Amino acid sequence: MFAEFTEALFSIFFIETLINGLLLGGVLALLSLGLNLIFGVIDVVWICYAEIIMLGMYTIYFLHVDGGMPLILAAACGVGVTALLGWLTHRLVIGYLLQAAPINQLLATGGLLFFFQGAAMVAFGIEFRNLGVSLGSLALSEDIYLSWTRLLSFAIAAGVVVVLYQFLSRSYLGAAIRAISQDREIMILMGVNTKKLYLLTSAIGGGLAGLAAALLALQYDVHPFIGLSFGPITFMVCVMGGLGNMVGGFLAAFVFSELITIGGYFAELEWGYVLAFAFFIFAMFIRPEGLFARKS
Amino acid sequence: MNSKLLIAVVAAVLVALPFLGLDSYPLHLVIVILIWSFAYTGWSIMGRFGLVSLGHGAFMAVGGYVTALLWNELGLTPWIGIPIAMLCAGGLAVLIGYPCFKFRIVGHYFALVTLALSEVVRQIIIATRDTTGGSLGYTPERHGDGWSVIALQSDDRMVFYFVALAVWMAGIVIWRLVDRSMARYALEAISEDEDASAAVGVRVTREKLKVTVLSAVMTAFAGAMYCQYQMFISPDTIGGVGISLQIVFAVVVGGIYNSLGPTIGAVITLLLAEVLRIWIGTEAYCLTEKICLNVAGVPLLVYGIMLILFIIFLPKGIVGAVADRWQARNNGSVPAK
Amino acid sequence: MLTLKNVNAGYGDFQALFDVSLDVRAGEAVAVIGPNGAGKSTLMRVISGMIPATVGHIEMEGVSVLDAPAHDIVGMGIAHVPENRRLFPRMTVEDNLRMGCFMPQFRAKYEARKDFVYELFPRMLERRNQMAGTLSGGEQQMCAIGRALMSDPKILLMDEPSAGLAPVIVQQVFDLIERIRAEGLTVLIVEQNVRQVLRIVDRAYVLESGSLRLEGTADELLQSAEIQKSFMGM
């Protein structure tokens, strides 16, 4: 038993697993970025975030497969649509609840979750749909293959993190986004229109969901309930990184993805998720404010 | 109207209901509503104190699956299986609740930690698909035709109706007992200001844990009931994030601060879903060859909009809003909140 | 330059200001003094748009302030150093200064204004990459004033700049204000530290329970028996 275990540990496939975990982490990081941005600025957890991604996936599918649009263009439109959805989410729902109890804001986005699922069902039915695009895989050796989709996802996720970081640290708007999470009330004194800033943040957050959608559409079938399969993990990543803390979320994404793939390597993928969630709950008990949160 | 008289009339109607020549289908609906009402009531026992759990799908699933597994695998009667399932749910509640309350995980964070719990339980059920059937669902073995006391199974909806009615009433009684207990004052104080309550001697962790365990155990019982009645469970029908949210929303719609709120919420949300499902149907209406409208999604869509409207315009739920009106009329003044 | 006419304001049902009228002329330094809870901070907040006025007029160089959206008021040349400084604690000093320059019309002058602030407060230059939350009380006040100066305002509103600071530092803060005055800036300052503030301003108003009770030049008020009795413990 133990010998088997050590053998498995030093197997070449285990290394492949670790690399795949790293690549999955890139996607998770991208998923968590938009949510963290929104939480950091507006202090609201969008439970429906994964459903916005789902609608982004459908947009890309619809434009590419039914509309015959080139994939890149379809993905760009997908980002546009999700950015609009993000904007609308704030404009039509959260905007009316800014003074309400935080938990009511969270629940209202839960209502949106059902609404988005219903809308997707109405428009596209419940069949699983596949984009039918495969980018193939990269052979590192005879035994190890890495999917190009995952490599691409990782590269784009990393690129977005860099761009977002530059935006937040260099631009006036980025500074305002960091500032508003620290002191909302005095933003008026800086000449910042907080309503506009909220809407802008919501649109950026939505746009990031669209980007994630483009990458996920390459790897997974889309159906109206797909959000439920990666929504919870996205929240866990954000909470573990410290809600609103983008760097923390980024690191947490990799911890999670490695746990999932390693769990999946030794047992089944679901056990990987169980392992990751169990770790999450455990981690919350050690550092309730998030594993990577700064002590305040 | 005299409120005691009102209660007596309602009770009489409820007892007489199955003898009024109700068809099998409406009776089925009433039973389902009663079972869910009990679960929702169980949730609101803690939810009303600001302990918003998105993990009750986990407790419900534990209730259903443990009972059914013990029956199928070990031949253990639900009379023993259900208490064991409730114990398991209680244990799970302590496991998750104790550290949460000790480390002051509240609000958003509590909601998200408990959401993780629903997901863990769902994933475990799927991962152990060799035994539990995974996402395809699970069926307790039938004990034979007719009804069996030992297996707690019955073909006769009438029997189930009275069981469900009794359970539902017990739920309302428990809610009221908590409402009148000292614990309520402690918990209300805690939800207002945890530090101040601790300073005046309220044992914060202990009080929260008590109400959480009670709530989890009730929800697990509802899960077991559901399983015994429907004779089919799956991670998506009694567990997971979807069910957890469904529980919270029904209570929000009905009203969280009143013993009948969760029940009203169950009646409205479940009836609405049923009515929409039957009325709208499941056909697809095709506008062009490629663009079809699949109306089966409409109930979900309407449900979502309704929830948002409720949270924005009636955050205290229907019962809460009516109660405020009632009070305002009796006092001749507008309520403060 | 800044004129208030019959301004009423409050929070919900609570009215904090009753018919307040005052004016500040260009180049002047004016103080509003009064006991705790007199409505001094409310007055500042109304001018800079943090809370709306229920009744009344506020004009800045003949343009109505109340008709403008709250976040445009800083664009009219009114900068507000809020009570308790209210820096962004997890941002560097330089980023805090940059927030003071947020409005698009100010951005072109960012470098020039930053140099101006660093020249005025060399300490800020030393600390420019430090998180604002880690500064000492006096340094935080410099940073808060610096942030307000970034927009090159015509009038600077200061709300209790000496509150919560050690006595030695309080003196330094008043020295700072004198230096800002020397730059030709118009200042409206709210203070509880009556004796010290009357030494650096030209005129002052006395606010009590939301209404103006007295006004006069700083010298007149310093000599006034009433002021000496109520505020200076003489």
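In order of appearance the chains are A, B and C, and numbering begins at 1 in each one.
We adopt the following convention: a contact is a pair of C-beta atoms (placed from the backbone, for glycine too) under 8 Å apart; a residue touches a chain by one contact, two chains touch by 3 or more.
Quick caveat, the model's predicted, so the values are computed rather than measured.
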Chain whose average C-alpha position is farthest from chain C's own: B
Centre-most chain [mean C-alpha coordinates]: A
Chain pair, A-B or A-C, that carries the greater number of C-beta contacts: A-B
Distance from the mean Cα position of chain C to that of chain B, given in whole angstrom: 55
Gap in Å, rounded to a whole number, between the CA centres of chain B and chain A: 30
Between chain A and chain C, centroid-to-centroid distance (C-alpha), Å: 44
Touching two or more other chains - residues of chain A: none
Complex contacts: residues of chain A adjacent to chain B: 45, 47, 66, 93, 96-97, 100-104, 106-108, 110-126, 224, 228, 231-233, 235-236, 239, 243, 267-268, 270-271, 273-274, 277-278, 280-281, 284-285, 288
Footprint of chain A on chain B - complex, ascending: 50, 52, 96, 99-100, 103-105, 107-109, 111-113, 115-120, 123-124, 126-127, 240-242, 245, 248-249, 252, 284, 290, 292-308, 310-312, 315
Complex interface listing, chain A residues touching chain C: 172, 175-176, 178-179, 182-183, 185-194
Contact footprint of chain A on chain C as seen in their complex: 48-50, 69-75, 79-80, 82, 86, 88-91, 95, 98-103, 106-107, 148, 151
